[in-house]
Amino acid sequence: MSNYYPAEIVGTAVLGDSGVRQIVFRSPSIASTCSPGQFVNIACGGEHSSHILRRPISIAGADRESGCVDIRFDIKGAGTAWMAELKTGELLDVIGPLGKGYPVEPGKKCLVVGGGTGIYSVLFLAKVLGAGCKALLGFRNSSLINSISDFESYGCGLSIITDDGSSGRKGFVTELVAEELDRGGIDTVYACGPMGMLKAVNDIVGGRAEYYVSLEERMGCGVGACMACVCHTLVGYKRVCADGPVFNAVEVCFK
Amino acid sequence: MSNYYPAEIVGTAVLGDSGVRQIVFRSPSIASTCSPGQFVNIACGGEHSSHILRRPISIAGADRESGCVDIRFDIKGAGTAWMAELKTGELLDVIGPLGKGYPVEPGKKCLVVGGGTGIYSVLFLAKVLGAGCKALLGFRNSSLINSISDFESYGCGLSIITDDGSSGRKGFVTELVAEELDRGGIDTVYACGPMGMLKAVNDIVGGRAEYYVSLEERMGCGVGACMACVCHTLVGYKRVCADGPVFNAVEVCFK
Amino acid sequence: MNEHVKKDIIKGVDLSVNICGVNLRNPVITASGTCGCGEEYAPWYSAAELGAISVKAVTLEPREGNEVPRICETPSGILNAIGLQNKGVRHFVEHDLPRLKSEGAVVIVNLAGRQVSDYAETASIIDGTDADMIELNISCPNVHKGGMAFGTDKNMAAELVSEIRRCTSKPLIVKLTPNVTDITEIALAVETAGADAISLINTLLGMRIDIRTRRPMLANITGGLSGPAVFPVALRMVWQVKNKVKIPVIGMGGISTGEDAVEMMLAGADAIMVGTAMFADPLAPIRIRDGIADYCAINGLPAARELTGGVIIG
Amino acid sequence: MNEHVKKDIIKGVDLSVNICGVNLRNPVITASGTCGCGEEYAPWYSAAELGAISVKAVTLEPREGNEVPRICETPSGILNAIGLQNKGVRHFVEHDLPRLKSEGAVVIVNLAGRQVSDYAETASIIDGTDADMIELNISCPNVHKGGMAFGTDKNMAAELVSEIRRCTSKPLIVKLTPNVTDITEIALAVETAGADAISLINTLLGMRIDIRTRRPMLANITGGLSGPAVFPVALRMVWQVKNKVKIPVIGMGGISTGEDAVEMMLAGADAIMVGTAMFADPLAPIRIRDGIADYCAINGLPAARELTGGVIIG
C-alpha cells in the first residue's frame, strides 16, 4: 500500500518520561473540519508494508489556521512502533477526520475524564471547553504522566491521581469523579479510557449528569462499512467507527 | 523482517542520464573477502516489508581499506525501486559476499564483456585486471551508457557499442568480441549480460580462448540450499548462487 | 436487461464487460461484506461508478453476528469473523436497494442462509425486486451454519443451486469457498445445477492467538483470511475454474492494484471484486479501474475484456 | 534412543522436547527443502544446534526437478516449484547422512515418491541407517506424482502410511498438505494407520502471472505458497489437528519470529519447523529458538514444552 493520503509531518516529540509519542502533521482538510472525539486512521509500515489495517488514533488537537493536527500515542505493537520512528518532513498516510465526536453544548459545566491513552481524546475536548470544564486524569504511575501542561494551558481545572500514589494522590480517577459530582453543579461528564473505568464512572454518574463515553474496538474499514468494530447498545450492535466512537452512555451496554 | 545484517550507506548516486543507481555501503567483512563476480543479497522494503526474497546484486567494486562496497543497479521492480530511495546514513540489510567469482590468473590477456546490468559485475573484474584486460561494453542506446569513466580509471582498454548507434559504433557487443579475438592473443574472455549475448559470445569464442560467463536466475535462499536458482550444465543442474554465478562456459548448456 | 448502463472509456480503452447479460461499465465490483451497501464510501466514490456493488450478505431474518473482536491482522492479510450481521432481507429491500438503484448502481445481492429453505425464501423475495443479480454465498466460514458446508460438498452445493434456480430468473452467481480439496469439482457441480456465473474466492479459514493473553485474537476463534496474502491462491483457483467451466468467472482475493486486477483477468476472470484493499485505501476500486485502463492503453488493447484468460501457457 | 542429545537451557528455560521418543535439544527444526542437508547454512549455525534438521526430500532414484524459474515472490510469501530435485536416497545415505550424524545433528529424512512401492523401498533403505526419523511427504504440490494425491485422499493416505509402517521401525512423521477440505480427516486416517507424529503444513497451491510477458511466473505454472502469508492458515490447521489426534504435532508455515513459534506451540505444536524465514534471515532458526526462551523466561515458564496447546478457549 502506498501513501494515498499523505500529510507532511511538521513535528515529533517524546512526551516526558512517559515514552508517549507526539506527531504533528499538516492537513488543512482535517484540521478545519475535525472536532474533539473524532479520530484519524493511519497506514503503518510504509509503501511496502505487510500491515493491511490502518491504526485509529484520536485527534489530540487541531489548529485551523496552521492546518496542523496533533496526535499522541503509546507504543503498543508493530504499527505504533513504526509510527514512533517517523521524522519531521516525512509523510504520514492518514485518513480523517472519522467518527462522531463529543457533543458540546455551550454554557454547560463539564467534567472531562481520561485514563491511559484516553487522555489524548479528552485533551482536544478540554481545549474547546476551556474554563467550562475540569479535567480528571488517571495514570498507573508518575512516570506515565504526560500532556499535563497542555491541559493547564487550556484554562480548565485539573486533578491528577495515580494508581500507586507515585505522584499526587493515590487511587483511581473514579474517586475524583465521585467527589466532583457530589460537590454538585455538573451538567455533563465526558470520559475516554479503559472499559473498566468507563463502566465505573457510569455507576458513579448514575443519572446525575449527561454522560458520554468514547469507546475503542478493533477496526477494519474505519468508515462504517464492514461491521468489524461493533459495540453492544440497547438497540443492538452499533459501529464504533461510524456511530461512535463517542456514545451517550445511556445507550451503551457496559458488561 | 528486520535489519539483521545492517551496513551503513556512505553514499548514493544516480549515474548520468541512465537512471542507474549506485549505493556505496560500509561492510568491512564483505569488502575484505569479496572478489569480482560475487554478489550480495539485499533485503528490500524495510522492517515491515511484505517482500520476502532478498535481491541479488553484483559487487561492482570494493575497497579493503575503507571497508566500502559499491553496487550499481537498474530499477526493475518493487525491490530495486525501494533501494533507489535509500539515503546516505541509512542502513542496508545485506548478506555477502555470495557465490563463486571469476577465476583470475595473473599474466593473461583478457577480454571483459558486459551487456545491460552485466557491466557492473565486470567493472569489478576490470579493476582487478587493470591493463591486463580490455572491456567491451554494449548498451541499447546512448542514454543508458554509464560507469564508463570507472572502466577508464582502471587503465583497461575500452570499446563501446550501442544497438542503435546513438553513441559510438552501431551494433552488438558480439561484433567487438569477434574483432578482438580475430586480432589474436586473447587468453580468456569473461562475460556478463543477457543470455542471448552470452550464447552469441560463446559461438564466437568457439574454443579460441577460455570463456567464463556469469549467469542470472531467480533465487530463494541465495546460499545453495533450496535448489531454486539452477542452470543446465553438462553434468545436470547446478546452482547459480553457490556453484556460480560464474561458470566455465564449456559446462553450460546454452539454449 | 440494463442497456442504459454506460461504458467507461478511459484512455481510449473500453472497460465495459457483460456478465451473463448484465452490463457493467467496468470490471471492478466491490466485494460483499467490505463495502456495506455503498453509503459509507460515498465520500470517495459513488456505487454507480463501479462495475457493480456486491452488498453485505443478506439473510431472511436479521442477524446479530459474532462477538468482538471480529477482526485482526496477519502478514499482508486480515482475519475477519463478522458472522453475517445484517438487518434481514426485508429491511434491505425497503431501504438499501431503492437507494442504490436510484443512484444508478448495478446491484448484486449477496445471499446467505442456514438451510435450503432460508436461501430459497430470501431468493424469492429478491426475485421480486429490481436487483440486478444474486450472488449465492455458499462459502461463509464464520458462522456455524453460514453456508460453508454447502460450499465444501459438491452434492449439497448442486442441490442448493438447483433449488435457488427455481426461485429466481435473475442471473445467479455462485460464490465458492477456497477451503476445498478440488475447487473445479464444486465449480462444475454448480454450473451443471444452473449457476449463471461463479465468483471466487471467499476467505481461507485461519486463526491467530494473542500470545500475551493466550486467547484467540477473534471471539469466534477462527476467521476468514483475505487480502494480498491470499492472492496467489485465488489466482490459481480462478485459473483452474476458468479452464473447466463455460460460464463467466468473477475473480477476487487480495486484489489491491490495477496490476493485480490485470493478472486476475489474464488468469481467466471476466470481472473482479475488490474487498480488503478498501480498508487500506477507500479509493482502491477507482484506482484499480484506472490501472486496468492504463495497462490496456500501454499494451494496445482496445477493450479490457480482451484480458480475460490471456495467460500464455507453454 | 538418542539420550546423548543435550538439552538447551537458555535464560533458565529448558527448551528440550521429545517427539515420539526422540530427544530434541530445542523445538526448532529446519523445514525440508529450505535447508538442503545443512551444509550451506554452516557459516551461520551448525545443524547440531537445531532441534533437528528435516533434509530436502529424497526419492528412490535421482530426480532432475522442474525447469526454471522455480521461485517467485508474492505478498509476504513466495511460490516455489522445485520439483523434488535430489540425487536419490543412495547418494544421501552415502554422503549427507554420515556427515550430519557425525556433526551430532538429529536427522529427519523427508521421503517422497511416485507410488507406494517407491516410498516403501526408500523407507526400507533409510530404515537400515542411523537416521533419527522419517518424514513421509504425502503433500508435495509441485510434481505430478509428488505424493499430493496421497495427501488429499484419506484412504490413499492411510494405505501408504500402513505400508511404510511395515518397512521401518523408525519414528514415522507424516507431513500433510493444507490443500484439503478437512485436514482432521486426513490426520485421523494417518494416525490410525500408524503414524507416530504429524507435521503440517506443506505449501498451499498458488500461481502468479507476469503481466509483462503474460506467462506464468513459474515454469511449472503453479507452485507452493509458503512464508508469513500462510501463517494463519497453518496455525488454524495445527489447532484443528491437535484437537483430534493423540500423537505429537509439528507445526510449520510462515514462522519467522520467536513470537510466531510461541503462537504455533500455543495452538498445539509440540515442535515447530522453519523454512522460508531462512531465505530472508539465515540465522532465523537460532533467533527463533532464543525468542521462545525469552517468552518463556518473561512469562515464568520453566520449560518450552509447557507452551504446547496452551491457548485459552472460552
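Think of it as A, B, C and D in the order they're written, each chain with its own count starting at 1.
Simple rule for what comes next: a residue touches a chain if its C-beta (ideal position, glycine included) is under 8 Å from a C-beta of that chain, and two chains touch if they have at least 3 such contacts.
Because the structure is predicted, anything quoted here is derived from the model rather than measured.
Chemist: Counting only C-alpha atoms to place each centre, which chain is farthest from chain A?
Modeler: Chain centre farthest from chain A's centre: B.
Chemist: Counting only Cα atoms for the centres, state how far chain A is from chain C in Å.
Modeler: Chain A and chain C have C-alpha centres separated by 36 Å.
Chemist: Once you find the CA centre of chain B and the CA centre of chain C, what distance in Å lies between them?
Modeler: 46
Chemist: Need the CA-centroid distance for the pair chain A / chain B, whole Å please.
Modeler: 54
Chemist: Please list all residues of chain A that touch 2 or more other chains.
Modeler: 50-51 - these are the residues of chain A that touch more than one other chain.
Chemist: For chain C, jot down the residues that touch at least 2 other chains.
Modeler: In chain C, residues 75-77, 227-228 touch at least two other chains, as defined above.
Chemist: Determine the shape of the graph in which chains are vertices and touching pairs are edges (line, ring, star, complete, other).
Modeler: Looks like everything touches everything, fully connected.
Chemist: Write out the stretch or stretches of chain C touching chain A in their complex.
Modeler: Touching chain A: residues 33-36, 39-41, 56, 64-65, 68-73, 75-78, 80, 82, 85, 227-228, 256, 276, 278-283, 287 of chain C.
Chemist: Enumerate the contact residues on chain A facing chain C in the complex.
Modeler: 1, 4, 43, 50-54, 95, 217-231, 236-237, 242
Chemist: Given the complex with chain D, which residues does chain A contribute to the contact?
Modeler: Within the complex, chain A contacts chain D at residues 50.
Chemist: Using the touch definition up top, name the residues of chain D that touch chain C in the complex.
Modeler: Touching chain C from chain D are residues 74-77, 79, 152, 179-182, 204-209, 211, 213-216, 221-222, 225, 227-233, 235-236, 239, 254, 259, 262-263, 266-267, 295, 310-313.
Chemist: Could you please specify the touching residues of chain A with respect to chain B in the complex?
Modeler: 44-51, 78, 82
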